[in-house]
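This report concerns only the one structure given below.
Order as written gives the chain letters A, B, C and D; numbering starts at 1 within each chain.
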Amino acid sequence: MQPEMEQKKKSLKQRLVLKNSLAKEMLSEFLGTFIMIVLGCGSVAQAVLSRGHFGGILTINIGFPMAVVMAIYATGGVSGGHINPAVSFALCLFGRMKWSKLPFYMGAQFLGAFAGAATLFGIYYDALMSFADGKLLITGENATAQIFATYPAPYLTLINAFADQAVATMFLLIIVFAVFDSRNLGVPRGLQPIVIGLLIVVIASSLGMNSGCAMNPARDLSPRLFTALAGWGFEVFTVGNNFWWIPVVGPLVGGAIGGLVYVLFIEIHHSYPNPHFEVEQSEDKPEKYELNVIM
Amino acid sequence: MQPEMEQKKKSLKQRLVLKNSLAKEMLSEFLGTFIMIVLGCGSVAQAVLSRGHFGGILTINIGFPMAVVMAIYATGGVSGGHINPAVSFALCLFGRMKWSKLPFYMGAQFLGAFAGAATLFGIYYDALMSFADGKLLITGENATAQIFATYPAPYLTLINAFADQAVATMFLLIIVFAVFDSRNLGVPRGLQPIVIGLLIVVIASSLGMNSGCAMNPARDLSPRLFTALAGWGFEVFTVGNNFWWIPVVGPLVGGAIGGLVYVLFIEIHHSYPNPHFEVEQSEDKPEKYELNVIM
Amino acid sequence: MQPEMEQKKKSLKQRLVLKNSLAKEMLSEFLGTFIMIVLGCGSVAQAVLSRGHFGGILTINIGFPMAVVMAIYATGGVSGGHINPAVSFALCLFGRMKWSKLPFYMGAQFLGAFAGAATLFGIYYDALMSFADGKLLITGENATAQIFATYPAPYLTLINAFADQAVATMFLLIIVFAVFDSRNLGVPRGLQPIVIGLLIVVIASSLGMNSGCAMNPARDLSPRLFTALAGWGFEVFTVGNNFWWIPVVGPLVGGAIGGLVYVLFIEIHHSYPNPHFEVEQSEDKPEKYELNVIM
Amino acid sequence: MQPEMEQKKKSLKQRLVLKNSLAKEMLSEFLGTFIMIVLGCGSVAQAVLSRGHFGGILTINIGFPMAVVMAIYATGGVSGGHINPAVSFALCLFGRMKWSKLPFYMGAQFLGAFAGAATLFGIYYDALMSFADGKLLITGENATAQIFATYPAPYLTLINAFADQAVATMFLLIIVFAVFDSRNLGVPRGLQPIVIGLLIVVIASSLGMNSGCAMNPARDLSPRLFTALAGWGFEVFTVGNNFWWIPVVGPLVGGAIGGLVYVLFIEIHHSYPNPHFEVEQSEDKPEKYELNVIM
């Protein structure tokens, strides 16, 4: 590369570089949620659209968690790789992130998930058009709406549905808190995403039957909105006794409970103080703090 | 967070904090066994209740071991993450834990497993009610008792059943002892739970057919008792020629044999002494010791 | 071993040792691509030739990625383990490899893939001869050409096919760049191949249905050429509306986009400079540079 | 534990402790091969004896490799965890183990595999007795001999069978050499068994169809001999055109080729000398050497 080109490239770079730390984190959360939806919901798409020939419960239960793993690797060092409003909310609730950041994180997550749903629609456009003679259906054996958002099993009451989402997300957050608790067993740095991935594998295998185990408001609501607009219609919100709000509110409540369970059963009993606690109180070095606490 | 609220929170914390190390460990073992049962037996529940549509032998053989992995991550730094009376017993037998702790560990494990079974029953209440017209059956194609406890294959004699549980747990303990033997190959700190998980994957895939591979008195007896009380009836104890005591006694015997095999074949021949042996004899620094030996 | 034999062996060694660093890297890329094709396409072969009895979508979606993992372990310390012209191209484009090396890397990759296809043909010669009465077919239920190269689904238009390959490779490169970005979360040295393998698992599970997810010009074109010569005939190039060029050009374009996305969303916003950037500009220590940047 | 009991235990220990390093290594290789056969062939047993209800190609292709992983963890720090005469032979051939040790390693491996086969027979005695009305068959749909040893596919010629075993073992050794080459990419200490396990997963998924992918004389010959004696009869040696010698000789030849390929393509071109080469020549510190080179 010639020095002058290098020079030009650098100045272009300098114009693009974000100085604002929160803006960087929003870009990062956007990208992470985007990756998770394309590859995660893509695993569902492949199983549904191939009618089981190129996928099934196993490729979904491995594919979606590994999509989360990749999203965290792409973003973990910048924004902590939450890619889930329920995670960001629980972290704020237990003093691990400033509340002022929460709306920005959530906004980026919802936008990234919407963009991911749209991209996935594009990649599988031909397949969707040939699947049910071009019809985009929500129920029945030719349904495709469940590629994007989760729907409850026929037997499920609303109260059981809410408990399902709350309990599943509770387990998610108990282990997330454990994995990043340096005073517990811990996970070697750079391998936490793998453990989180395995965690989602087991939750999807054990608590996935009632309503598809969303555990993430952005993962569920944004793609649902996309399907409403893209041709499936607004019945995506009304089916299942207006099920749509369960995977939005349930995870927020369950995540809070999960954090509380971990703190009450394990964290507060540690006999020596958290080495990162002092940093938590200070306002300077925000990026370092994020890294320390989330990673 | 305002300073006064912080102050209040701290004093609430101070009231909740356990100073007693054994009490902490009991809470930890309770939580770990609880996690293992909800996510592990949950994997069986999903396969059974969906009649194979959302799970099968593979999701069970991956889901249960990964439930153990997550339980160890949640508790390993506090109580060693035994979550199994047969493990605690073998560790006492070979001088790796004080005998005085054993009843407390076991009690917490049995209680945690019972609470886990009850929670799982709640999460899948609607599914259980719709599965066999609300009937809770122990045998036949609509049986659901095997979600919670293990039952023997029809061909199995009691003596083969006992050998099965003893040998399976023997292999479990051989490798557990190897994984934590710093003078053998070893596993990087923080990744031992993954190796234990893979170990359970292979044991479930190879020695799981005779009687479901419980290898853990708490994992089997507490959920069995729960089903007896919750509506399946006390036949859960009598079927299979009173099989219930096999996965209680077999693992305790097998675990002891496994420890002995590892010690006789590998450990006593190491040419330099265990660096942790001195610590083992001392009474102070109990938490550190637990960490060193178990982790 | 006797000293004189040792002496003789050493002098033989000295004659074989390559002093030229680029020649070493070519040998390494050749070996890596060879391993990937034999074990990766071999996974497809086993599923196809056993008509699903010894393999299927899961063994393929695990086998091919793990073949990539093994190829990277065999070659990563010498040539970076690209084994993919689209990866080498993207690395050149973003200043991570010298352009002068690109044709040599690509040549070795195409040759290695051709040799791998020929070796696989030999290993399964008896099976191929007995599969369809010795006929080597490209389409229909007895087709075997898809063991070696990828073919599009019947519903797929060329434009969707191109987008499919470009987007899949975009995700591949986003995460490859993330995994080797020491200023992001990072992966412990020596474990990056595992993460790359899991990445290919999820891409194959989510974006593999349209056209088999080649994402690699050498992996697709060389085995296709081999089948044309080995008896399937040159229709392997014309079927699917002359599909053959899509998995050649699509990945090159998509890889470039993937690198760009990662740089724009994450890399240029890092608040401190890349510690390896200075090394990148210097011409000495070429091997060290390769290791630093690629590994 | 009371001091006097401790004293007594120690003196018992002292009587049992092996001072001879080779004897330790033999015990270790015996235990490792024993573990591999019980858990590995056990995975085949579960799939066969349950007629696919509790296992299949996936549980076998995951279970057998993970059995190897566990065997290496149990023995790697003492004897290097070869558990395979073809591995020991290749290591001798390329100066990584003294030839004088080879017969002792091989003997322990064959004995361990025989003991493992007998133990597995015991664990599944009831199941075997009920499977085909107590008949122990070698061929047909009720065959069970393939639980213990490998048999060729009907279409396979002897020359293709030999090439199959040689090539599969060649790939095994190429990657084993790579994984332990500290001048290549390398694998973090304590995680090499996992990578070896994943390697066997992919080889079993890609090159397992012709003849079951034994790649190990001890894994195949000792269990075959056991079945001949235990009731299947000596036809286990004659079926498949006297196939039995192929998985004995093929792996030894293929392992040697694999080592040679790795050395010629990668190892001899490294620009700086092997840091362990000097140690290799010296006769003192034999245990340390073993650890350095094999682990």
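Just so we're on the same page, a residue touches a chain if its C-beta (ideal position, glycine included) is under 8 Å from a C-beta of that chain, and two chains touch if they have at least 3 such contacts.
The chain lineup, named per UniProt: A, B, C, D = Aquaporin-3.
The structure displayed is predicted, hence computed values, not measured ones.
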| item | value |
| --- | --- |
| Most distant chain from chain A (Aquaporin-3) by Cα centroid | D |
| Rotation, 0 to 180 degrees and nearest 5, that superposes chain B (Aquaporin-3) on copy chain D (Aquaporin-3) via CA atoms | 90 |
| Chain C (Aquaporin-3) against chain A (Aquaporin-3), contact positions shared by both copies (same if over half, else different) | different |
| For chain C (Aquaporin-3) paired with chain D (Aquaporin-3), centre-to-centre distance based on mean C-alpha positions, whole Å | 29 |
| Where chain B (Aquaporin-3) and chain C (Aquaporin-3) are represented by their mean Cα positions, the distance between them in whole Å | 42 |
| Residues of chain D (Aquaporin-3) engaged with two or more neighbouring chains | 58, 188, 191 |
| Overall pattern in which the protein chains touch one another (line/ring/star/complete/other) | ring |
| Those chain pairs that satisfy the touch definition | A-B, A-C, B-D, C-D |
| List of chain D (Aquaporin-3) residues in touch with chain B (Aquaporin-3) within their complex | 1, 13, 16-18, 21, 24, 27-28, 30-31, 35, 38-43, 45-46, 49-50, 53-56, 58-60, 62-63, 66-67, 69-70, 72-78, 81, 119, 122-127, 129-130, 188-191, 193-194, 197, 287, 295 |
| Chain B (Aquaporin-3) to chain D (Aquaporin-3) touching residues, read off their complex | 57-58, 61, 95, 153, 155-157, 160, 163-164, 167, 171, 174-175, 178-179, 181, 183-188, 191, 195, 198-199, 201-203, 205-210, 261-262, 264-266, 268-271 |
